[in-house]
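In the part that follows, the structures are each spelled out as structure tokens.
The following pair of complexes shares a single chain, subunit A, combined with subunit B in the former and subunit C in the latter.
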Partner chain A sequence: MMTRARAAGVFSAIFLSSSALSDDGSGLKISAAVDSAGAFRLGKDDRATDRFDIREAELILVAPVDQTFDGVLSAAAHREAGVSVFEVHEAYLGSSKLIPRSQIRLGQFFLGVGRLNRFHRHEWPFIFAPKVQQEFFGAEGALDSGLEYSFLTPLPFFLEVSAGVTNGWTYGHAHDEGEKPRKPTHYGRAVTYASLPGSGGAQLGMNYMSRIAASGDRMTLGGLDLAAKWRHGGVLDLLLQGEVWQRTKTPRNGAVERSLGAYFFPQSALTSQFQFGILLDYYTVLTLKDLAGAKVSNSEQHVVPTLTYRASEFSTLRLAYDSSVAKQTAQADMKNQIAEVQATFMIGAHPAHDF
Partner chain B sequence: MTSKFSMYLIAFATLAGSAATAFADGKVQVVTTIPELAWAAAEIGGSRVEARALLAGTENPHFVDAVPEFTRLVAEAQVVCLVGLDLEVGYMPPVLARSGNADVQPGGKGYCEVGKGVEVLEKPTGPVDRSMGDVHPAGNPHFWLSPKALAAAGREIAAALERVDANHASHYRLGLETFARRLDKLSTEVAITLAPVLAAQGAAGDRPVVVEYHKEFAYFFAQYGIRSAGSIEEKPGVPPSAGRLVEVSLAAKSGGVRVALAAEDNPVKTVAKFREISGLPVIVVPTMIQASGKLKTYPELQAHIAAEIVRALGGGQALQ
Partner chain C sequence: MQAFHTFACVFPLLLTFGAAACSAGNGETAGTADGRLGTNAYVVADAGDLQRADTHLKGSGAVAFKQPLGELGSKKSYDLAFTLDDGGSVTLITQADQKLENGVVLVFTRVGAGLSVALGAAGQIGEAKPLDGVDAASALRIVVDVHNDESPAHVLVWADAEFGEEKAVFNSEEDGPTPGQGTGTFWGLRLAKAQVTTAVLGDPKFVEQ
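Let's turn to the complex of A and B:
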């Protein structure tokens, strides 16, 4: 269940008082991130919103609560249906001091699975969510309230295991109360890391998530995520990022639906400030059948060359071209070409350089 | 059943954590961000300490990711030493938090931020904001190239070692004294090597002969009395514009500068452009000890930087 208020005034009040709060010995760190993006049709038959808007204006507050806990609050103003609405993204109590080698989050947060879902959208290396992310987690990512526990195993290599359980009344990025599920959203993740030749490193995660809705419909997700980086000096020379997910939806009554989606994003530095990457995005419903019960081949594919300019780590300008095609047996291919733009900036406390 | 499971989980985590953070071979496990601090900890702690650095020495220390492997190493440390002065602000807070090691987090007995023991240079006196580039509000954090500053940092390391291994406090105090004497002797030797630089800049030091790309040699210069003509960067951390490059190149040449100093992680093309416009030799040197390089100890690094400057000043071929 999501806290939500059409209260731009609240946003302003918190923001305006930030400087007064930051030096009072509380350790409060305040930052704000603004993410604007737009998609424009390149042909008259293409489909896009044809407008450039603020997707999120997010305020992030982090501080130690006491000797044991930290508090995190991130709240974002979104433009939805022509109106800017303000909603809590994350609000949780966290601790890495309670149990050795462990982290705990209690409250509302983006579920700790996959790659994109663990990052705020303005931190992604491309503009719009791949199809698999939109279908399985929502355009922004799946968030919910509950408990997440992570344990760093005492092995001679990095292996962290996490488990979480959340309300599950809603799933994804919902704006309604939802309904009490038969089985709440529960998930697990194991992630490992290896150094690679040439100052590189790669992180590989294995993920599982499941939920049985009030209706009795079960959803199960399984997936892998990968991020590999090579840095030289202060420049990210090469980034390889990808995820592959399969979802199984088992209705209480009806046929099982299985879907598969994946994306891969290689990006290379052109200069210290320009990067060029290509998002390759694929999605298919594996169990799609026609009225006669015959299997229907189908897919949606995107190729999105993306040029990024970063004047510093605090601002990003992006330009992309999205060429997509939706295919289905016995139907004409549906092609679409879109130009995408994005501008983001962060002010306030220094952001973390997450791997 | 759930509560029983939770109890087992907590017990397992506690035992595993305790086992992993126990003193391996009786040695205090020290993790530092930059290699210089690991070298210092090993010198001070001697046989009682096992020290390792998170960085390999080839990175730009401003732009480092919170690599998962860092988290694993920090989870098993009794002492974690940082440069401080906001140098590691991008990656150490998440690394420390994710380690689940309360002892080495800020306020813990094994947390050691050595910058607070150093006499900091270039501390801004007025308001600072990001339009000025990568300005550190607490001052220039690149102090480790000064033996005097590193000796001061050593005091913080020794204090942390005493806190976690109080039974051997006298061992660490003695180690600190020996460490300080070694750095003092080293600086005397390096100063002799650098004598031609001081001679070239005049008795009053009013004819600077060196310029640096980024102000990361400030402490080295201050230690040995070398006057810098400034930096090629106009704003720290921001690549200079073409106009700035031309301006600073011509000013350096006409001002009598004879050598430019750059770090290995500085942008190669920009440094090459400066060399092309100014016609001055540019020496590119490591600014940290490198685990896989030739310069594995601090004295070797100091001697190398000094020798390269003098060689370039004397008309010898500069490193590329």
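Let's turn to the complex of A and C:
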């Protein structure tokens, strides 16, 4: 991890140089996004941070490098021990012109799998990651350096297939540089799109990811993601978003663990600026056993009604209530109720949206 | 549009009930336990000269708790109350296999009035670090967080009822990293000239946003 002074220096250099470049007709687009969020206990035994903080402050620079490549750099500040520290978030060279019908990313980026993992957190339709996202990809998403290639197939319907390979020295929440893996992180995704009646559209993706760590621990993920939207006059009338994933972890010297997680988020517009949705979140370890080898039933479930106010697409205020219960055989249910708030805004150039 | 609103309402119910059905069907698990410490049933892993009662474990030996941690990459707290004879130790072993091997290990050792902790994982054990301000000659209450979802496992130790990263008397991110992660879902205790009166598993005391 960079020292704070060095990080501040890098950030200053990025900002100053980008300011200088922004006037030279290079096509440089600069934007900044700030995501503030808080979680508060509703009962004395409930569990939450009881803080409202700037979760992320992100500076995003996008520009054509030349006639073939685009460059993307984002630096995000995260809280580390109470202090916001800037780090390189994404930094990659991309091209949709090098090979026909293809897109390439080379550098550091959020891995192109699933739904949430392909978006920055301030673009999510709810405040905190569902349990399955936290467990399988980390609270923010899986990020690594490598190469990703996408190909739009020449079929009469939309079908794009992607494959990526990244270092895989670490995966998820890591505090060191890790070690060279036996098999790097590699993944694939096939996504299709269909128009739906009533000015709607749906995107469905199939995903696979795997890695074998230096220690010999193997992880394999498979999942489906769905996003369906109905818009009317620029207003998102209805959103249906969900993912279901299964993970298999095979430790070098332990029992195989299979986990299943899913979330579903239907959201409907109340007015042109207010939206209401409910996040339903479920997670279980399918292979959990006790010392005697007997199966242990377990699950964690969340229901999170979420009210969103969007004055425009550049600012969002959210209020949510998270009611959860964690169950495990022979143990008391662990219930938790928290209130969540979020405020996000984006200033500067407006980047293109994915579906 | 009405049909889609209906779908939006019905689909999550199907998802929830379907998923619940997948995991249902188990009551109390089979298998015998050798005893309980509080509400936690355990199996004796090393009888040694261990004296056992529902209120305490005393002497030298080891127990493995019957109920598993939630998963390989779990994030849990361990609330321990114990006393140590001079030279005695209590070892918390967690995220381990059924034999209490291949886990994250914390060895609390008393020398005189001082208490030290040595952190281990993946078959390695680190150097013992003194825990400043802790009087090991009196009854101890130690709370440990082990975040095995991080690589390497993040371990925090508190000797007070105030929690937070800055209140920890040991933090593996600052005082020396854990040499790896645990690769199992069980936990237990090893005692040497010690008495343990409380061992409670709970949610982590420290949560990163």
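The definition used in the following text is that the second predicted complex is superposed on the first by the 336 of 355 C-alpha atoms of A that agree within 3 Å, B and C clash if a C-alpha of one lies under 4 Å from a C-alpha of the other, contacts with A are read in each partner's own complex, and residues count from 1 in each chain.
The criterion applied here is as follows: contacts are C-beta pairs under 8 Å (C-beta built on N, C-alpha and C of every residue); 3 or more make two chains touch, one makes a residue touch a chain.
The structure displayed is predicted, hence computed values, not measured ones.
Once the two complexes are overlaid on the shared chain, A:312 sits against subunit B while remaining clear of subunit C. When the two structures are aligned on the shared chain, A:151 is found in touch with subunit B, with no touch to subunit C. Put simply, more of the residues of subunit A are touched by C, taking subunit B and subunit C as the two choices. Judged by the touch definition given at the top, the superposed model places A:273 against subunit B, while subunit C stays out of reach. By the touch criterion defined above, A:229 lies against subunit B but remains apart from subunit C after alignment on the C-alpha atoms of chain A. Once the two complexes are overlaid on the shared chain, A:248 sits clear of subunit B and of subunit C alike.
Of the two partner chains placed by superposition, only subunit C is touched by A:295; subunit B is not.
Touch criterion not met for A:167: it reaches neither subunit B nor subunit C. Of the two partner chains placed around the shared chain by superposition, subunit C is the only one that A:217 touches, whereas subunit B remains out of contact. Judged by the touch definition given at the top, the superposed model places A:329 against subunit C, while subunit B stays out of reach. When both complexes are aligned on chain A by C-alpha atoms, no subunit A residue touches subunit B in the first and subunit C in the second.
Residues of subunit A that touch subunit B in their complex: 67, 70, 94, 96-97, 99-103, 149-154, 157-158, 160, 191-193, 195, 199, 201, 203, 229, 231-235, 271-273, 312-314, 347, 350-355.
The touching residues of subunit B, counted against subunit A in their complex, run 9-10, 13-14, 16-21, 56, 58-60, 62-69, 71-72, 75-76, 86, 89-91, 93-94, 96-102, 105, 107, 130, 134, 237-239, 264-267, 269.
The residues of subunit A lying in touch with subunit C in their complex are 37, 39, 47-49, 51, 53, 55, 79, 81-82, 135, 139, 170-176, 178, 198, 200, 215, 217, 228, 230, 237-238, 240, 242, 249, 251-255, 257, 259-260, 262, 264, 266, 268, 278, 280, 282, 284-286, 288-299, 301, 326, 328-331, 334.
Within the complex, the subunit C residues that touch subunit A are 1, 4-5, 7-9, 11-12, 15-16, 19-20, 22-32, 41, 43, 64-68, 70-73, 97-98, 101-102, 122, 147, 149-152, 154, 165-166, 173, 177, 180, 183-186, 203, 207-209.
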